[in-house]
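To start, the structure under review is shown below, and the notes come after it.
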Amino acid sequence: MNFDTVIQSGTVVTAADTVVADVGIKGGRIVALGTDLPPTGAKVVNAEGKYVFPGAIDVHTHLDMPFGGTTTADDFESGTTAAACGGTTSIVDFAIQYRGDELRKGLDTWHGKADGKAAIDYAFHMICTDLPIARLRDMDKLVDSGVTSFKLFMAYPGVFMVDDATIFRAMLQTKENGGMICMHCENGGVIDVLVQRALAKGETAPKYHALTRPMTAEAEATRRAIALAEMAGVPLYVVHLSAGDAMEEIRKARQRGVPAFAETCPQYLFLSYEDYERPGFEGAKYVMSPPLRPRGNEQRLWEGLANNALQVVSTDHCSFCMKVHGKGSMGKELGRNDFSKIPNGAPGIETRVHLLYDGGVRPGRLTLNRFVDVIATTPAKLFGLYPRKGTVAVGSDADLVIFDPKKRHVISAESHHMRVDYNPYEGREITGRVEQVFLRGEQIVTDARFTGKAGHGTFLKRAPSGQAALGLTAG
Amino acid sequence: MNFDTVIQSGTVVTAADTVVADVGIKGGRIVALGTDLPPTGAKVVNAEGKYVFPGAIDVHTHLDMPFGGTTTADDFESGTTAAACGGTTSIVDFAIQYRGDELRKGLDTWHGKADGKAAIDYAFHMICTDLPIARLRDMDKLVDSGVTSFKLFMAYPGVFMVDDATIFRAMLQTKENGGMICMHCENGGVIDVLVQRALAKGETAPKYHALTRPMTAEAEATRRAIALAEMAGVPLYVVHLSAGDAMEEIRKARQRGVPAFAETCPQYLFLSYEDYERPGFEGAKYVMSPPLRPRGNEQRLWEGLANNALQVVSTDHCSFCMKVHGKGSMGKELGRNDFSKIPNGAPGIETRVHLLYDGGVRPGRLTLNRFVDVIATTPAKLFGLYPRKGTVAVGSDADLVIFDPKKRHVISAESHHMRVDYNPYEGREITGRVEQVFLRGEQIVTDARFTGKAGHGTFLKRAPSGQAALGLTAG
Amino acid sequence: MNFDTVIQSGTVVTAADTVVADVGIKGGRIVALGTDLPPTGAKVVNAEGKYVFPGAIDVHTHLDMPFGGTTTADDFESGTTAAACGGTTSIVDFAIQYRGDELRKGLDTWHGKADGKAAIDYAFHMICTDLPIARLRDMDKLVDSGVTSFKLFMAYPGVFMVDDATIFRAMLQTKENGGMICMHCENGGVIDVLVQRALAKGETAPKYHALTRPMTAEAEATRRAIALAEMAGVPLYVVHLSAGDAMEEIRKARQRGVPAFAETCPQYLFLSYEDYERPGFEGAKYVMSPPLRPRGNEQRLWEGLANNALQVVSTDHCSFCMKVHGKGSMGKELGRNDFSKIPNGAPGIETRVHLLYDGGVRPGRLTLNRFVDVIATTPAKLFGLYPRKGTVAVGSDADLVIFDPKKRHVISAESHHMRVDYNPYEGREITGRVEQVFLRGEQIVTDARFTGKAGHGTFLKRAPSGQAALGLTAG
Amino acid sequence: MNFDTVIQSGTVVTAADTVVADVGIKGGRIVALGTDLPPTGAKVVNAEGKYVFPGAIDVHTHLDMPFGGTTTADDFESGTTAAACGGTTSIVDFAIQYRGDELRKGLDTWHGKADGKAAIDYAFHMICTDLPIARLRDMDKLVDSGVTSFKLFMAYPGVFMVDDATIFRAMLQTKENGGMICMHCENGGVIDVLVQRALAKGETAPKYHALTRPMTAEAEATRRAIALAEMAGVPLYVVHLSAGDAMEEIRKARQRGVPAFAETCPQYLFLSYEDYERPGFEGAKYVMSPPLRPRGNEQRLWEGLANNALQVVSTDHCSFCMKVHGKGSMGKELGRNDFSKIPNGAPGIETRVHLLYDGGVRPGRLTLNRFVDVIATTPAKLFGLYPRKGTVAVGSDADLVIFDPKKRHVISAESHHMRVDYNPYEGREITGRVEQVFLRGEQIVTDARFTGKAGHGTFLKRAPSGQAALGLTAG
């Protein structure tokens, strides 16, 4: 038994277990866990008193994404570098099909964006905006090529929104091809009417973004998406769930045996509507959809994460600078006089693991095992990446995080790696720190500094997500 | 790296993961998991194509228990031998305090019953029947000595039943000492009235046992036990939950953040009220409390197991022969003319793992991981045995089951190891078989034959169950 | 005190009370209730041993309605004659706005259909199919002219269906003008996909009408309509609710204080999916939307009627002959080879009161008071007709039914007054019979024979329905 | 048609209707309602612009009741006089069986207390504290003599509390004799433990009365009582329901068809836990069981009253002076140094109707009809007094209240008629006033002054309550 690397004496945490063990790595994979693995000839990393987590997986990112005349601030290089520093070793980003285009064209464009730039492994979901009956079979081809999940929108009429018949047809298609539908659940029709009425009344400040997107509009759409999936007989994955009432719809569906799943994001757990009322235009930092919810709602989400009403925490990382981007395009300023023009989205790819440990595990809201489950294991299982990714087990990729539970640091735009001029959690002190990160056995973060390189990340061809989700249903 | 034993190439299953790996054992513990552990000098067991499960844990057994003039058919020798053959390597049996006695006296008696006879490891819960205020502090001493859970009865007035004030006081005491209350939830007062009325009408056949113990009497008591625990601010563990409505009370409690847990048993998943209507006195085989429920109820329990409304499957093994026991005492015949005199209980310690795999995993009701979770990991975690027991992980006791998922066999009293003259599942064909079983590294079942020995089992001093349960709550 | 008519010694039933009393009528109105009203000079009707109910109100009828190339079989003359014979003295029919037309034009058309033909009093709801923003204010004018409720469709894409933004805008308009939105709740998008797929598979028989309109599609749309109303802050009235799951959405909304109301119809209480499986083309008789539901569902509706999850029983009377209408247009035969071409609807205006008494009151599912409430009082209160209509009280119109609870008769197309060649309840024996009916004091049914005349009915200008509904909410 | 009295032009309100009408009274009963009743020879009372309500019924009073060494301050004379002034014309008081006594003895005692003293009509429930099997049949005799409801306690161990078996037996007995069980739902065992612990800690102030009677203890007992009634197959009436969670148990029971009913009282609608924190010993005024609940809870009760989760508002009038009673016995002062010794109860018999109109009807929480329903009609129907009492209908007793909706007054101990030295609502201004009250046609309140006399009230022999309750279930 010889190893390329041995991580010694760490507390290895999986979704089920917490044990002290050495981890032996060879050829980029974990080949042994043991009490005293022989270090001869291996690089030895001491992890005593530290946690060894599986590399986290972020199944909701938007890198290098065009949006209303601008582009997100982070491309695949800056975004994945920041992810790595935050303990994330795989992402699933959203490729976009624009109206009139083939699905394949959108996917090719996104491959072009990521290729040679990603510092961590990556996969794609496909956003579909145009699915006439004749194009449904194109979905099958994507599944064959490892893009096994499709995102549809119930919001943004005229841009991304598709009608219920289209959603239902797409679901029936994934029933055949094993893919899975991911859904943005907000009632876009209602929201548009509310936005128009607000603007007509001169209500243009950032907070009206939230006030025109009621929680009920999300709960309704969530219930509708579940009903469609139930009638189609397929699994459903609800993205960026924000409202407690929407969560109850997921819970009720699961109780009656419907394979419905949902992710929430740190912003819904740590921030609240009150942030929109910050002075001046500062509220624009928090303009995202769904919006932040009133204080008190986050407690429901925490409980839902603990008792499995929610299954995943991802980021919906979608960064726009407040001022001008490095690339020269406009940022949030676009909407200074009209909240509806503020680019929707906020950065988060780098802060998820730290926030969830500090605010979830430390105060006892989540066990260590549940924490690993929601940031790594379940995402991997739902999206066809398991067991290659998502756990610390013999045979899995050696994507590992060594985490010091005692070290403190402060979140700040000054020190973060994301290419954006603010951080929603600016000044928050965090206990616990990602110290070392390994991707397929190579160390890409060393003592909390990025030591990997662009292009090291590879495209992950995923197994069918829908089938994986069904497999997860019983338990 | 050298090992006493290497189990090669099995599919190792934990509550979270399923991976092919070798398992290296030394000094009775698992010291390595790896892709190619060096077999030099070790006993090698080939597990290719087979599952390697953690040894199962049965947290609800009644061995060598006196009951209404007779004694259960299985003592610690026959019971634990049968358990081993069924893939169970640890039990938690119930020691009984009789009225007027000290708790310690009951515990000593049960130590005497087990000592030198058990073929697998064992621990004790303490049944309390007499808890005046002055005796509450005796509970603390038991917790200190590793008996960290206490069972109380809401049924059997005049025998085991205690009133709500007593339950509440005991709960407040475990809040201080870290123990946990396990509860038999049936409304004994109502049941007694119904039994008296049935007998007065000449309704004496076994089926009246079930007809006088309505599901509502169980749901009510479950709700009450939860309310008491909620007011006391302590975790609760409901034993042998049988009715879907009772399960809903557990689910609702958990949803509002109350640390309530429940086990069900294979009899409630595989048998039904209809078994009481078998010809002659055969229904007596199924007389247990709570009774079997009408067909349809089991489906609710299966769904609850999958989605975590229920957390554990144990057996409530409590065996009485139909005719005369080997020891000479009477069996179920005692109640031939009066169902209320039929000894309550049925054998099951040997069949749990096989039934749950065949009827739960194979048809897709439970994932492999959830199966391991409910028979081993969660019981270990709830009752202070984890991580020594309940998982396949570095550092844990080498309690392992090698399970052939394809081999078939038939359940029968003729071949089972329990000392009882019938089997409730007689003739049921099972796919999947416990082939090899290891207890702390020693092989005690070989090719499905018992090769261990009485007295090899040791007493397990448990960590505080209540604290463990609270730790499990968040996730 | 002198009267035109005195109804003596009947058991007068209101939504709250059941008392023996004489009813004194003068000038078309009830002017006294008493123990011994002086009969001098009055027409005297002996009602001893009989019930005196308020004339029933049917708030959901489609008379003389064009539909897919044909017209409903009953016009305002035959339809209201049949209604009278069934104990109904007021209807609210649906006027239709066709795409591109003004609302007023549709209303005028329907006034033309009813004027001079109706044998009982009538009012109109307005079906809106085309509501651009510029036309929203036209709704206000209708409210001013006594047409105070608007029906929108979530089904029938391309024909009646409007999108969520339109619904929401209409709701906001009724918030201002005091009207109320009545909603057909089925997800038309999903249903269309299912219909297309069924036809593509050659599934053309009548039963596929039901199999392509799942209960979940109704529950979803009901939930959505409630959410929209909740966000708009207005009352909602769900028409022809058929599925138990849809009813639960109403109940939950009411429990959290949302003023949501729903009607069901006798067909959903007395018939079931199994009727579609009748031999040959007979199932076509029951093709209506929503369709009949599987047996067992009706029990949930009965319970909902009793405990106020449902508030009204109307008929959705929409009659099509199986063969050729008297007017020469085609009937259900249109869809012999394609269920989707079968005209949707069934006759029921004549049978509601008899069915509900026989199947609801007699077996104890509804009290007499609740029966009166759901067929007369609550409909009158919700739709702005109370206290002129809907009760037996001093000052109300003398619309009265004398009902013999013991007399039996058999429902049959041979004897009914509707102009349609079948009766969905053919051969059903009914205990209880409408014997005498008075409309504003004039006797229009005498000994169960129609003795009124076409044109006697007058248009009822209604008070704002939405305001009335809000007034009803508290209790 | 001639009358003793004609009440002219009032707005007559029943549980269903609101109409302007004259009311004609003769021989103590209502003999006519009409638009222009001939006043010749009759006493004429002008009620134009005023409401005419049925005399209210208070089904929960404790007059002249011994309690822990003292006696309630109001006897049947002062209590019923106060009731009359508050618009209440009938009460159902609680006769008590003490341990060891026959039921009949307790009833006779209470007949003695009321006879010749009551100013309004009265009936009795029977409190049973001692129900050995041999005495169950005595319940039948009471039903025969018009005492058709029995109250049992799940609280006050050692005083009133009976165990579940006793409750269940009593329920089975009422199933046979048509009576009904009224239940005080609080878990007495838990409460006693909490009280002992509080006192041991020196927590003696009045607020600890509330802090030792948690809402969960009420919800639990309510759920248990429902379960027992469900298993017995009988209706249940829960008295003085105070906690929203307890109400949810009633609602859920009703939804699944269980005939469960509950009353709440004005104190739970208008006061709150915060009143216990008043300075000094003032909190003692509010010591009653169940205790006042935290602010916010009352909103749930109001909604429950509106949507029929609750059916009745009674008072639980049980008055103790703060200082010394007129009769010389001690009042609340008994518990100055120990909250558990404060006599439980508060006065309310006089203020119910005023409070409920002012705080319920005026702000739109209850419709006028629902208001009449919960204070008069449903109590009469549930407890076998309808149609003699509880409505304004031909044939009913002329128990009538003329209520001026505009007149204002202030509640104060200085002006109230109850013989108690404080009023829980001291200083509250009320809009709306009971002006005239008639009992069986005789005016007992005139221009808000008592003009009746002691002894005018008669004992009301009631029809079986359980049968009445079952009749009410369907609707």
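By letter and in written order, the chains are A, B, C and D; residue numbering begins at 1 in each of them.
The rule we apply is simple: contacts are C-beta pairs under 8 Å (C-beta built on N, C-alpha and C of every residue); 3 or more make two chains touch, one makes a residue touch a chain.
Given the structure is predicted, the values throughout are model-derived calculations rather than measurements.
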When you check each chain against chain B and chain D, which touch both of them?
-> none
Same or different for chain A and chain B, when you check if over half of the residue numbers at their contact belong to both copies?
-> same
Comparing residue numbers, which of C-D, A-C or A-B shares more than half of the contact pairs of B-D?
-> A-C
Using mean Cα positions as chain centres, tell me which chain lies farthest from chain C.
-> B
CA centroid of chain A to CA centroid of chain C, Å = 50
Just curious, how far off is chain D from chain C if you go by their C-alpha centres, in Å?
-> 40
Averaging only over C-alpha atoms, locate the centres of chain A and chain D and give their separation in whole Å.
-> 58
Multi-partner residues of chain C (at least 2 other chains) | none
Chains that touch, pairwise = A-B, A-C, B-D, C-D
Residues of chain B that touch chain A when the two form their complex | 1, 12, 14-21, 24, 31-38, 251, 254-255, 257, 303, 305-309, 364-367, 369-371, 373, 377, 387, 391, 393-396, 471-475
Okay, in this complex, where on chain C does chain A touch?
-> 157, 163-169, 172, 187, 189-190, 192-194, 197, 214, 216-217, 219-220, 223-224, 227-228, 230-231
